[in-house]
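We just call them A, B, C and D in the order they show up, numbering each chain from 1.
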Amino acid sequence: MSLVVDLFMVLLILTSAVWTVLARDRRDAVIAFIVLGLQLSLVWMRLMAVDVALTEAAVGGGATGLVLLRACARLQPVEAEGRLPGLRAQIAAGLLCAGVGVALAAVILAPAAPAPSLAPAVAAHMDEVGLKNPVTVVLLAYRALDTLLEKVVLVLGLIGVWALAPDLFWGGRPASLRAASPSGTLTFLARVLPPVGVLIGVYLVWNGADHPGGTFQGGTVLAAMWLLVMMAGLGELPETRALRLRRLVAVGPALFIAVGLAGFWMADGFLSYPPEYAKPIIVAVEVALALSIAVILGLMVAGPAAKEPER
Amino acid sequence: MMADATTPGGGLLVLALMLPAVGMLAIFALGLRHAERIAHATLLAGLAVALAVAVKVGQSGQAMTYLIGGWRPPLGIALQADGLSAVLMVMTAVILCAVGVFARGSFSSPRDGAETRRPFVFWSLFLGLWSALNCAWLARDLFSLFVALELLTFSAVPLVCLDGSRETLRAALRYLLFALAGSVLYLMGTGLIYGAYGTMDIATLHHLTRADWATSLALGLMIVGLMAKAALFPLHLWLPPAHAGAPAAASAVLSALVVKAPFVLILRLWFEVAPQPASTPAGAMLAGLGAASILFCSVMALRQARLKLMIAYSTVAQVGYLFLVFPLVMGSAAVTPWESVGWTGGVLQLVSHAFAKAAMFLAAGLIAEALGHDRIADLGGAAKAVPVTVAAFALAGLSLMGLPPAGGFIAKLMLLTAAVETANWWIAATILAGGILAATYVFRVVGSALAEAPEGAGTTAIARSRELAVLALALIAVALGFLPLQPFDYLAIGRGGMP
Amino acid sequence: MTPATLYGLCAAALVAIGLFGLILHPTPLRKVISFNLIGSGTFLFFGIAARRGAAAGFLGDPVPQAMVITGIVVAFAATALAVALLLRMLEAGAPTVDGPPEQPDDLSP
Amino acid sequence: MSLLLDLFTIVAVSSGLFFFLAGTVGFLRFPDTLTRLHALTKADNLGLGLIVLGLLPRCPDLVSALKLVAIWALVQLGGATASQLIAEFARRGGGR
């Protein structure tokens, strides 16, 4: 019975995917992609990965979708829609892709038995970290290096986006996110929702130590609230040269590295935590990271500086 | 070798990884005039760390290992410096230091204290790149290596379009799309590997991998993705415009170091993850594509009118040599791959090309600054305006052609010896043909630079320290030629447990 | 057939569809969207491995789940960078005099 | 007692699902943007409301019940605002 539901879900997903690729209009493609992101977060629920489902909905569908939609709005007057090349090229590429798909499907159909897993190893050492959400334990203890480096990736990505500003505008504000004609409805939402949203974001971060949730999910919600306020025209984006902003971006990764290095003296080495303080340290790092992630995501959506810095 | 415990001094590996990242964050958070000073302080500290690691590895004759957070793989992540990693780390540090000296001229902050775009972006990404490279050399976990590749992409792409012109933006976008496609294929392979073996740790996988087709598919996807990032023919199309469009200091780093990271990953996958003995047809195919890179892109280099584009095509050709090692090592009579002449020759080619190519790109940058253009046909007078730079270019060229006594000579001689030893005659012929083509395109430039200056051509003065930095790189490329002509024991350090 | 296997097949199809778009679409924005499709399929492979590896009281192996979270965030950053780049490219206007001839938005090799 | 609660849940959730179905059919079949929006928001809010109502007796504690109600309230707010925005956009002649 449940497999019928899954089958239906798969059909929906494949429809969205095909629409994403084949839609003539690029905005249709983006909307199909956002729908796909939401469907995929349901799939992650079915796969019992709640943390991933939250991330996929917030980042995969939400933030990525917003970036793509904004791109559409700015491309509309400038760039013509591209067309897929002729039928012969389509058939050739289709055969190649189908081949790849079939090969991958064959691997899925012949799984290793018994399925290999690190779950027992994760469970065996959970006590040493003192958190109850295994995904957070993996992200902030066992594989903390990956998480740390990925924060560095985010900062580099932001520098990369900023680097695209013309020299004259360096340090200025990004292009305004404000809707062309802000409507009363949006302003209303931007006044009512943020307090609730911030509460939810903080809850997700706080809760992430022991239950599904965590820095990304919470940080993305915080970023969304910030962006909403900007879009309604209730606030302006800060100048990219503002040191306070820069420090907000850097505080998460910097604290993470500092805690990691402190491990040389206080625990068994880089990125290890003294057992009795592991939980408070990790939660503190998560809070700082969520703050930085919120600011970075917001700034990445906003794009490079587009105005001269004010004197 | 299994990474069982942290070895003494292993903390140095963490420093090598984190120092540049801390420097990058400091530039970002402090802004203003500090960028260059922070970068130079980091360069000195990072060079010291790299040398310390190399000395320690050499003294102990053992790989250095560091278990992050004390968690043992497969649950945790291990950093490990074997002989190869140590050599790569020192190579990276030395080249980046030279580029750092060179870039003082082009990316200095203005004195009035306002932060400007180019110095800020250049120095912060420069340090980000260093973290990424050290991560690629040291990580022993397929997923951490994915993160390293992403770090590399994110720091390299914006450097390509630093001048903001439409062509460089187009080149950067194309580079980004190729790099992302490569990343996603690599990630897909790691996903399949995890599904089959339940670990990402290379040392653990070494004993687990089976010669079944699911494993082959996973490794194939990863290697194809890495090929796109290493610009192996026919996936090289993004490289020439990107490397030629970047500012000289960035081009040098991109061509000398960044394209080497995916190759080293392929090397590790091939010899440390893939079930041994690795597939012979696949090795021959990689070598075939390498040979195609050498021949096709050397000819393309000959046909370029602009100096930087020529050097960029030459990069694709020289990276092609690296891919020749697979059949040479597999067919060799040596007991382990690390004891074969082909392996040593390949690594030596990697290192000597890195120094030579960095020198060439920096020299091209100085010549362009001195003359105001980089059209090969009109380089007359360059030898008078910047004699040291032109000499450095010629010395680096020696290494590319494979003429004695340069490092490239020893590398190519070793590859040639291995090709003859394993009866791969077509590889031997390619190596010789590639050398002749390289000689032609290098002499074309040097000949033009030695010509008399055309009437009325003005030149700009160049700081001597920048010329000397370029010369130092070229001299190192040549000095590598004085290494003993035999499998190099240092490169085999840390491979005791490998069959 | 378990749900995991079914979604695994779905992931293979997603990769194939995304690859098709990446190869064929001439405009960079559509290439970026297609790249995200391939990425989604790839992440699902990790999810399948996680679900099949359920053990020790967990409903899924948390290690690949954590990797997917990292991967999703990196993919977002890549998308944001690519979009910023292509918007800037369109704004940069006409190429300089000795640049290559104008090909409006064709990035396919 | 528990049988009665079960019955209540079943009836409420099923009628909630019915409203979702009706809303979707309306969305697909109605001719223009405004009527489609009407179908979607009316039916979905009622549908979700009924499902939440049906699930309330099953909550183990007060906090999860409050969470359910909060979700319903947020969706109300989000749905109402979004449809307002879409309607304004449509009335100004945007869209297709």
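Just so we're on the same page, contacts are C-beta pairs under 8 Å (C-beta built on N, C-alpha and C of every residue); 3 or more make two chains touch, one makes a residue touch a chain.
What you see is a predicted model; the values in this text were computed from it and never measured.
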- Going by the stated contact rule, which chains contact chain B and chain D alike? A
- Out of B-C and A-B, which chain pair has the most contact pairs? A-B
- Query: Which chain maximises the distance between its CA centroid and that of chain B?
  - Reply: D
- Task: Could you give the separation in Å between the centres of chain B and chain C, each centre being the mean of its C-alpha atoms?
- Result: 26
- Message: Based only on mean CA positions, could you tell me how far chain C sits from chain D in angstrom?
- Response: 32
- When centres are defined as mean Cα positions, the distance from chain A to chain C in whole Å is 13
- What parts of chain A, by residue number, touch at least two of the other chains? 104, 111, 115-118, 122, 142-143, 146, 150, 153, 157, 160, 164
- Query: Can you list the chain B residues in contact with two or more other chains?
  - Reply: 75, 143, 147, 150, 154, 157-158, 161, 164, 169, 188, 192, 194-195, 198
- Interchain contacts, given as pairs of chains that touch: A-B, A-C, A-D, B-C
- Mind listing the chain A positions that touch chain C in their complex? 2-3, 6-7, 10, 13-14, 17-18, 20-21, 26, 29-30, 33, 36-37, 40, 43-44, 46-49, 51-52, 55-56, 59-60, 63-64, 67-68, 70-72, 74-75, 78-85, 89-90, 93-94, 96-98, 100-102, 104-105, 108-109, 111, 115-120, 122-124, 134-135, 137-139, 142-143, 146-147, 150, 153-154, 157, 160-161, 164, 214, 216, 297, 300-301, 303-304
- Message: With touch defined as at the start, can you tell me which chain A residues reach chain B in the complex?
- Response: 103-104, 106-107, 110-112, 115-118, 121-122, 125, 141-146, 149-150, 152-153, 155-157, 159-160, 162-167, 170-171, 241, 243, 246-247, 249-250, 253-254, 257, 260-261, 263-264, 267-273
- Task: Could you pull out which chain A residues touch chain D in their complex?
- Result: 183, 185-186, 188-189, 192-193, 196
- In their shared complex, at which residues does chain B touch chain C? 75, 143, 146-147, 150, 153-154, 157-158, 161, 164-167, 169-170, 172-174, 176-177, 180-181, 183-184, 187-188, 191-192, 194-195, 198, 237
- Item | Contact set on chain C toward chain A in their complex | 1, 3-21, 23-27, 29-30, 32-34, 36-37, 40, 43-45, 47-63, 65-70, 72-81, 83-88, 90, 104-105
